[in-house]
Amino acid sequence: MGETVIKTDKLTKRFGDFIAADEITFEVEKGEIFGFLGANGAGKTTAMRMLCGLSIPSSGSATIAGFDVYKQTEQIKRNIGYMSQKFSLYEDLTVIENIKFFGGIYGLTDLQIKTKSDELLHNLGLKQEAKKLVASLPLGWKQKLSFSVAVLHEPKIVFLDEPTGGVDPVTRRQFWDLIYNAADRGVTIFVTTHYMDEAEYCNRISLMVDGKIKALDTPRNLKNTFGVETMDEVFYKLARGAKRGD
Amino acid sequence: MKKFLVFIKKEFAHVLRDRKTLLILFGMPVVQILIFGFALTNEVKNSRIVIMDQANDAASKEIITKIGASRYFDIVRTVMSHQQMEDAFKRGDIRMAVIFPAGFNNDLLHQNAAQIQVIADASDPNNATTLTSYVGSIIQDYQAQLSKTSKIPYRIQPEIRMLYNPQLKGAPNFVPGVMALVLMLVCVMMTAVSIVKEKETGTMEILLVSPFRPILVIISKAVPYLLLSLINVASILLLSVFVLDLPVNGNILLLFAESTLFIITCLTVGIFISVKTNSQQVAMLISLMGMLLPTILFSGFMFPIENMPVPLQWFSNIIPAKWYYIIVKDIMIKGLGFNAIWKETLILSGITVALLIISLKSFKIRLS
Amino acid sequence: MEAAVIVKDLTKVYGETTAVDVVSFSVNQGEIFGLIGPDGAGKTSIFRVLTTLLLPDGGSATVDGFDVVKDYSQIRSRVGYMPGKFSLYQDLSVEENLNFFATLFNTTIKENYHLIKDIYVQLESFKTRRAGKLSGGMKQKLALCCALIHKPTVLFLDEPTTGVDPVSRKEFWEMLKQLKAQNITIVVSTPYMDEANLCDRIALIQGGKLLSVNTPGNIIKAYPDQLYAIKADNMHALLKILNGYDEVLASYAFGEFAHASFKNKAVDLEGVKSYLTKKDLTGLELKKTGATIEDSFIKLLKD
């Protein structure tokens, strides 16, 4: 096994009496595609925010790309990429302006931005659309562009929060090709999804129920453990007993 | 009818359960009244004045001593030419000038009447009124003192001149202005925002796809704000009577009736804005920039309309707040009755009807 | 019996984009009809035209025999509608919301309680809680109750399960089945292909155009090629190799397998296997498999 890029130990977040994330412990290897599943309100978003350095944990520890989530949030932010289900580019800027902007805030040089954006546009087949407003692109393209921008600065880890919600099945698969390619380059992928077939594409999956991680393994092992055929059934078996929702 | 009531009940629930809205709704009038009340009419201490004593006799000297003894005034110089005085006013060095004409004491003793000229810089009207009234009371004091020893009353006539803003627009009349302002804010902004909020959250879609007539949706949204605004009017009046000692001189029912008319005007504007916009921020921005600013600028409350260029004076005529401001001033301060304000009322009604027609015309029974 | 919803050559244009492009379909009384397609396919526009919220730019539509343009007020008093976003009053309690909508539709909770009973009992213990404080699944149940309270003849549900976890989704579809038993026609849209099988009939939609309208079974039956499910230890490598393989007609990831169809109907499976083995793939598994709605959708999209 390679180096560990995400390591959490009993990571907990409390809001008053409410324990949103309850002693979460797991590790993610470099280049791994890690699926982070759970019912609505299970605590996924809270956990993800802590890992991104956006929210300070109540207790427990975690290091992201070797940096501490309590003290080194700035370094963490420099080493991760983030893309949410809500499309995260500027709709009123053109494709190329978005790329330049996000390249800029991650401190890439003009030359780097130039090479990177050429490469990105070529890979996505967006050369013709470079000067178009992002708002005019179809949703699937936006999501692909959004992902490419999130990994533009070659982060160690990229966090994807339901990146494919509402996207058509063909584009969804193209999106996963992008994910695979990034993983092949050594980028660690941390992804949440409501599509259970996508859970199958992950190397390993954790399943959160009521703030706790109830299962963590490869999709194959999980199905074997629960003696079922699909991830859908695994999810159903685990999450059915959930007490809370969002 | 039952539907209508349920709707209004729901609307009240929205308002009463949202602390921020409540605070704006009922805190704003209080804060405004207090800010305007105390910031604008605060005591004026140590104002720099000049005195021009062309008489230089016993009576003038005594009055000057009295003025000098007051903590309100700070006599800068006692002699000055007219030219010097005017320059000093323009530079803002002095706030007021008191001029005793030659032979002041003589006039007083032989004619039992004399004049003092008081000139004040009325570009700050509140300040000017305060200062002149202080001087006035000092002179009256002296008069009373003289009259005690004599059978024939002495009359000293202070001739007051207000520089730059002769009609003293704005002075203690800010209460009507605040009323116009608060009603404008509450009615226009709150209605617009609350309707647009339903568009934003998607509940408007459900309301439209119901047998409830769309126009009633809008009207029933306005009703609670009409009631809340009347409460606001009452609270402003209570504050002005009990905190600021500014009584309502005219008929209070007439005042409420006219206020209701103005509230309806504002609600109509709010509805119009809500029809035209789709986000709360835009609605708020338009309410503030598009309605509040013109109200402050053109109602005559802050800035005298007479001093504006003619086109702007014409423009001010379509600002409903201008007419409401005049009406409230007439009823509240001057104590006039309906026969004095029927014209303004008519104009305000006209504007309201016009706005109502525009709003209803632009209202859609579907999504955009 | 006349169809509950008839859509004929419906077109809706926003500026330069044609959101709905000459769409025709009909929904039979008492069936669950699914509009299946990704975001931006035109589902919401169709729903808004059918619920009289938008005027069509071309074509016509009727709901319960009433024209969506002329007879909008009749339609409004007989349909139930649940828009995509959670659209209840967050600052009103569960009971207040329900009461409000009941009154709005000239009815009372009591009158149609039997309709919502099964759903509402799950909410009853939170009666006084504000809707904004409910969990996602609960909100959805409340929204459904509110849309049902006036006993609509046709129920329009615009993406009721989007962003909802698989467990809540399953529960929601159970509720729809029960409503169907009450003889309410349900038109529902969803981006999740796996939910298509729960509908009586479906329309697959993409880019404002209908790709196919039929029962899920018939759509799957109409799938022209034989599909094979292939598995390997390194799935990404497998997908790449399949994509570059001459014999392959189409291939794509499908859950834990890759789905592939071959140009030659009588493909030599052993040949395929040895080809893949030569490419250093391990843990190979290869078997025939049936098409699903998602396979059909992909096929229709690519054609």
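In this document, chain identifiers A, B and C correspond to the written order of the chains, with residue numbering beginning at 1 in each.
Note that in this section a residue touches a chain if its C-beta (ideal position, glycine included) is under 8 Å from a C-beta of that chain, and two chains touch if they have at least 3 such contacts.
On a predicted model such as this, the values are computed, not experimentally measured, just so you know.
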Is the C-beta contact count larger for B-C or for A-C?
A-C
Among all chains, whose Cα centre is located farthest from the one for subunit A?
B
Whole-Å gap separating subunit A and subunit B, where each centre is the average of the chain's CA atoms:
58
Chain-centre distance (mean CA atoms) for subunit B and subunit C, in whole Å, is 59
State, to the nearest whole Å, the distance from the C-alpha centre of subunit A to the C-alpha centre of subunit C.
26
Give me the residue numbers in subunit B that touch at least two other chains, ranges are fine.
none
Subunit A - residues contacting subunit C, complex
38-42, 85, 138-140, 162, 165-171, 173, 176-177, 180, 183-184, 194-197, 200-201, 219-220, 230-232, 235-236, 239-240, 242, 244-246
Subunit A touches which residues of subunit C in the complex?
37-41, 134-138, 162-168, 170, 191-194, 206, 235-236, 239, 252-256, 294, 297-298, 301-302
Complex contact set, residues of subunit B against subunit C
2-3, 6-7, 10, 13-14, 17-18, 201-203, 205-212, 365-367
Which residues of subunit C touch subunit B in the complex?
48, 51-55, 72-73, 76-77, 79, 81, 83-92, 96, 99-101, 103-106, 130, 146-147
